[in-house]
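Structures follow.
Consider the two complexes below, in which subunit A is the common component and subunit B and subunit C are the respective partners.
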Partner chain A sequence: MKREVPLVLTFVMTLLRFGFEMLNPMLTYEISEGVRLFSRISFSVTFMYCMGLFMGLINLTRVHGNTIRRRREHWIYSVWLLIVMYGYAILGLFFGGMESKPFTWIYDAVIVPLDSTMFSLLAFFIASAAYRAFRIRNVESVIMMVVAFIVMLGNVSLGEVLWSSEAFLGGFKGLKDWFLATPNAASQRAIGIGVFLGSYAAILRVALGLEKRYLGGID
Partner chain B sequence: MLNLLVLAAEAPEVKWGIFVPDDSTIAGLFLALTMGILVYVMIQRARAGLPIPEIRRIAGLEAFEEAVGRATEMGRPVHITTYYQDVGDYDTWAFWAYLAHVAKLCASYDTRIINTNSEWLTMTVNEEIIRQAYLEAGRPDAFIPDDVRFMSDWQFGYTMGVAGMIAREKPAANFLVGYFYAESLILAEAGALVGAIQVAATSSTAQIPFFVASCDYTMIGEEFYAGAAALSKEPVIYGSVVAQDITRVALVALIIIGTLLNTAGSSFVIDLIKF
Partner chain C sequence: MSTDPQIWVQAICTLACYSYLIKENPAYRVAEYTLVALYTSYNITRLYHSFIKPYFINYCLEERQYYFIVMGLLGLLLYARYAPPQYRWLARYPIALQVGWGLGGSLARSPRPVFTQVADVMRPLNSIDNVVFFVCFLVVMSYFFFTVAKESKFIQGSGRIGRYIMMIGFGTAFGNTVQGRISLFLNRLTFLLTDWIGLSV
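== the complex of A and B ==
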């Protein structure tokens, strides 16, 4: 019973979702004036997430409270976590809301720079990954390196100076555009079709109850 | 005001009386039903013991066991993550097949498995899968709940957490399985820096180049889903992959016919797809 009920629910919800995507009377069906069945079902997900947030808050307080009480390793970080979590929530809830200056300032001055810093690390990681990937070991890596070199030159002004876009074949820029619009787009679409079919088969496996790992088992 | 405008706008005509008036609704329905029937037929063939084609060998899939074995020899943990996929996402369902496989291997080799998460509901299921694997291996006490970790639902908060964890705990194997965004390369390079053997499986076309550049094995596009089915080793699940392949051949034929007809000036196939 513990496994059958979720399987039946999954199948029914898959059919419902399929109906919402395909059948107009189902999509526009109103359970009361101005309230669609579709939006009400979607709301249940929002409700579940809100409950999860609340439970997460309680759980984090319990786990980190225990860490602080028992002076476990790195307990000071638990103190900091609770201060930040409750401090920021109290600031947002009781001191001018999410539009207040202190609330937005903390976001703009802390979260945004941290986000940008982490994102900017990508540039260095791209360089180190490219160094390893572009080492010439076989024919494929030679092709990859030559194409990458042309695309890079097509994107910078040095490429324009070396081989102008006004010249034969549109210069590096013309070649870059061709690489991106023709072989690259074709292979991306081929992968895209495969992904669509693969994901659809995965959905069917779950809907038909062949795949049951979402119930927590390993088979 | 916007509501008034919406009300004043003429409602689009419904297709065939009941279908949603969007492009490709009927074509999509036809494709969905065809593939559904094909899956059913292939599953019945598999159940009846009739022969169905084998799934070809996927190199990345075999690397999982090799990587866990190496981690066991080195006495270092294994890390597996799917970043931000919720429980209703088909990438998560495929990920669970890999997680179950890796957890089973780790449990039988008595190797630590670390799973990092960015989605709390997915984390709950992940924890259950890993716990179950240890239970079935007869080592329930070896399961460490603290190794199934929630990092952050904020993209780069999660990335910082995972990169930091990789630097501190130095996993010998790093499995990046699922749909990734800009964090993909940071996670993969963090693994490369500690010398981890890395296997990536993703359906995100934008992240494939990053994984190819920095991982030892990369499973791309539908290999990711087919691999999940292959791990189950159940002929019934293989059936769905065969149905998927037959549909793909039909779609390729349709693309070729459409290209030829369009070149000849007929938009028949395009109209059919948009129907």
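== the complex of A and C ==
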């Protein structure tokens, strides 16, 4: 009941969806005029898991609530996090929704710049991390750094100035295009096939109930 | 200098983030915690207004498809994880339904793009590029043949060349990633200099 029924449910739902995807009569079966059974089941499953929308809020409240209660280091930031999180959620849920002016104003003024700046920070760390991780120690790291250098030069106008695309081999740009289209594409295909075989095996293990960790250790 | 309060808030947020480059400080921490809090709330709002509210109104109330209520109640079982230990297993039911539905889709759909890629690998060997491409593909594949004994010099050699070819692939990915981040940085810098300070760059 606690473990067996969910495993059977997973298997049945896998078969059902697989049937819908592979058998056209199943996919096009209509429960009423213009209403497909597949889309209704799909919408209802989406509706079901969307009901878990407050899980993130609850988890953050538990983690930061504990930090505040125990007065751990930096607890004052946790207070700020909870105020902002609940304030913005209340604004979005009860005061005009996603199209309301205050909601979109905060989104454009805070989320957009913070998000892109956080990602752009990686430009600095990726360079220092690359220096530490790939210091030229062997043939592999030499190949990787040289290719990365050529790709970067092939994308910018400095590369065009140093070695024009009208010169021998098409310059940095021509070399970059060749790297992307030939050895890079070949290696990505081979890696992709390996990843596919591994993930397909994992999917089958979960569907057949051999892999149970997704159900968690709760009893 | 801009007089728009939204531009000022954007500029302060940007500078708060970049202050981390000097060292960890309260401004960066506030920015970090604010982003986590706002993203969580934003996604809650998005899910509610894009799925829960329209689905409930369209299907439950207007079309009287009452099984949506059953699915909604099943979805609420996810919160059983926070219940006393003897009820926590109830959360497995919605997870099992969702995982099963997703697996069925992956089982049917995931081979298609891979087969397309495999078909593309089988190019006619009528140019140097195509020959190089095919050889590169074979040597990278040979690197992943763990079931073949590695004593053979041929397998060892092709595996080593396969590793070098993969490094070319990782190098291109690395170069593109670094450039993507730098272009984001330049975008923020342009914003600070032109939109906020008002310089013409």
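Here, the second predicted complex is superposed on the first by the 168 of 219 C-alpha atoms of A that agree within 3 Å, B and C clash if a C-alpha of one lies under 4 Å from a C-alpha of the other, contacts with A are read in each partner's own complex, and residues count from 1 in each chain.
By definition in this document, contacts are C-beta pairs under 8 Å (C-beta built on N, C-alpha and C of every residue); 3 or more make two chains touch, one makes a residue touch a chain.
Keep in mind it's a predicted model, so treat the numbers as computed, not measured.
The partner of subunit A that touches more of its residues, comparing subunit B with subunit C, is C. Touch criterion met: A:P25 reaches subunit B, while subunit C stays clear of it. Once the two complexes are laid over each other on the shared chain, residue contacts for A:I68 go to neither subunit B nor subunit C. Applying the stated contact rule after C-alpha superposition, one finds that A:L37 touches neither subunit B nor subunit C. In the overlay built on the shared chain, the residue A:L93 is in contact with subunit C alone; subunit B does not reach it. After overlaying the two complexes on the shared chain, residue contacts for A:G194 are found with subunit B and with subunit C alike. Looking at the shared chain after the overlay, A:L210 reaches subunit B, while subunit C stays out of its contact range. Across the two superposed structures, the residue set of subunit A contacted by subunit B and also by subunit C is 18, 21-22, 52, 56, 111, 114-115, 118-119, 121-122, 126, 130, 188, 191-194, 199-200, 203-204, 206, 214, 216, 218-219. Residues of subunit B touching subunit A in their complex: 14-15, 18-21, 25, 28-29, 32, 35-36, 39, 43, 87, 90-94, 96-97, 100, 103-104, 120-121, 125, 128-129, 132-133, 136, 154-157, 159-160, 182, 185-186, 188-189, 192, 203, 205, 208, 210, 212-214, 220-222, 224-226, 228-229, 232, 234, 236-237, 240-241, 243-244, 247-248, 251. Across the interface of their complex, subunit B is touched by residues 18, 21-25, 27, 52, 56, 111, 114-115, 118-119, 121-122, 125-126, 128-130, 132-133, 188, 191-195, 197-206, 208, 210-211, 213-214, 216-219 of subunit A.
Taken together, the subunit C residues at the contact with subunit A in this complex read 6, 9-11, 13-14, 17-18, 20-21, 29-31, 33-49, 51-52, 55-56, 59, 65, 67-68, 71-72, 74-76, 78-79, 81-82, 85, 88-89, 91-111, 114, 117-118, 120-121, 129, 132-134, 136-137, 140-141, 143-144, 162-179, 181-182, 184-185, 187-188, 191.
Remark: subunit A residues 2-3, 5-7, 9-22, 40-58, 60, 74, 77-78, 80-82, 84-89, 91-93, 97-98, 103, 105-124, 126-127, 130, 139-141, 143-152, 155-156, 176, 178-194, 196, 199-200, 203-204, 206-207, 214-216, 218-219 touch subunit C in the complex.
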